[in-house]
Every structure is written in structure tokens, then in C-alpha cells.
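Supplied in C-alpha cells, the structure appears directly below.
Every chain is named by a letter (A, B and C) in the order it is written, and numbering of its residues begins at 1.
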């Protein structure tokens, strides 16, 4: 839930999603769901010469399970807030 | 030192105590990361900053005897990174010497 | 669900776990993101020759096989001469 919330705060920011087939796609984060499926707008594939497959694709839906990394805009991530929220969630888990 | 005296009772406690510290992460696909840990969850999804990734690319030379593969190492840096938990093999806290 | 509704009745590109690329019109989907495409074709990429399009017609793709669904800009897509495109097929997903 924590990570889902983080992604929601990054809506409309530019992110780069790296998939488990080594494709890297940069785009504007339009929406995310509980499975961390991601919708990107105005996409650009890294190394388009090698990967021309998505030339005519403007926006896309990416299945959460095929994501390896997402590069986030550091200036929009409050690391102190993240650490506090992570500790809170860990404490709540332990009580259960 | 007694493990229970520093608040470590279960594996995830070790990760919790590494928050805001530099950790080493081993991933599937011969990848390793070091970075400062800012968030994690029960799936071992991670958010790290100031990340350096190391990828080991093993080239198996055709017809070469066993153990004669050449290993190339590629490195790159990323400012802020979400890592999906299903690729994580281990998270190791910083060495305290 | 991040939502596939915007793609219904649009030309889309599906990338599958095994690396295949399929284009078609999204006729429908369900909550497991199973997708039905009409007038679909597989685009086979290779280094030796241009892209080959294999007609598949009405096609059901299981949700768990889907890596990515992209909305095709039809004008851009039609402007591309596929016979001039040479590229390695996309690698399969490796966990």
C-alpha cells in the first residue's frame, strides 16, 4: 500500500520504467493501481534504433509484474516522509 | 552482541534498521545495487537513492572448456529508484566496523 | 485497475511475455486483463529482412501473457514502411 501511495504522489511526473525484457520506456505517469500496473503518456523508448517496435505508440499500459525498476524524479520524492511511513507500516505489520 | 538486544527479532527488522543507510542488494539476472534505503514493503519492493547498479554479463564462448567464460561488468548510476520486490534475492545492511 | 477502457475500439500494440508484438483493434477486455483483438496481425521483426505481418484475425490474448498495451497513433503507424524496418525481435521476459 505504501509503494502504491508513493506512485500516486508522482502522478504527472516523468518516470522511466525498465522492464524485465530490458526495454526502457520514459513517459508521464498517468495512473497506477494496487498491482502497480502503470499507465504512461507521451512515451519514448530508450535506444529507439534498436527497439523500433513502439515507434507509433503514444501512451501505454504496463503490467506491474513485468517491471524491473522505475527511475523516479528525486526532487519529487520526500525521503524523510518515506522512511517515517515505512517505519509506521512496519510497526503496524508487527502488531498483527 | 545479542541479536534480540538491538531490536532484531525477525528478518524484516534487519531491513527496517537499515532505513536511511546505504545497503547492498542482490537481484536476479546477475545484477547488484548499492543505494540509500528509503522505503520497503512486505514484497521487498524497495525505494533507493544514489544508486549504483552493477551488471555481470557472462559470455559463454562457443566450444571453450567449462569455466572459461569471460565476464564483462557494466555499471551505471541512478538518482532515485523503485526496485520491484520479485527480483530481489537479498538485502544486506551496511557493514558496521 | 489502471484501466484499459480508454483503449477499447482503438488500434493497439500488444507486447507479450515471449517477445511477440501483435497489433489489432481492442474489441474488449475483462478484469483479469484478458484482451480480445479484432483484425489483428503479428509483426515479426528480424535483422535479415523487413517486418513481416502475419494475419491472426479475431484473437484472444490471456492477461497474464501481456507485458504492455500501447495505443497506436494510426497516422504515424500508417506512415511507416514496415518493409524497411530491421530490428531484433524483443527478448522474452525473464524473471
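The rule is short, and it goes like this: a residue touches a chain if its C-beta (ideal position, glycine included) is under 8 Å from a C-beta of that chain, and two chains touch if they have at least 3 such contacts.
Worth saying up front: this structure is predicted, and the values here are computed from it rather than measured.
With every chain reduced to the mean of its CA atoms, the largest distance from chain C is reached by B. Comparing per-chain C-alpha centres with the mean over every protein C-alpha atom, the closest match is chain A. Annotation: 19 Å between the Cα-based centres of chain A and chain B. Taking the mean of the C-alpha atoms as each chain's centre, chain B and chain C sit 34 Å apart.
Within chain C, the positions touching two or more other chains are listed as 94-95.
Residue positions of chain A touching 2 or more other chains, listed in rising order: 20.
Of all residues in chain B, those touching 2 or more other chains are 29, 86-87, listed in ascending order.
Across the complex, chain B is touched by residues 94-95 of chain C. Of all residues in chain A, only 1-3, 6-7, 20, 36, 64-65, 67-74, 77, 79, 82-83, 85-87, 89-90, 93 touch chain B in the complex they form. Of all residues in chain C, those touching chain A in their complex are 1-4, 7, 13, 15, 17, 19, 21, 33, 43, 45, 66-74, 76-77, 80, 85, 87-88, 90-95. Contact residues on chain B toward chain C in their complex (touch as defined above): 28-29, 86-87. Every residue of chain A that touches chain C in the complex is listed here, in rising order: 19-23, 31-33, 37-39, 43, 50-63, 66.
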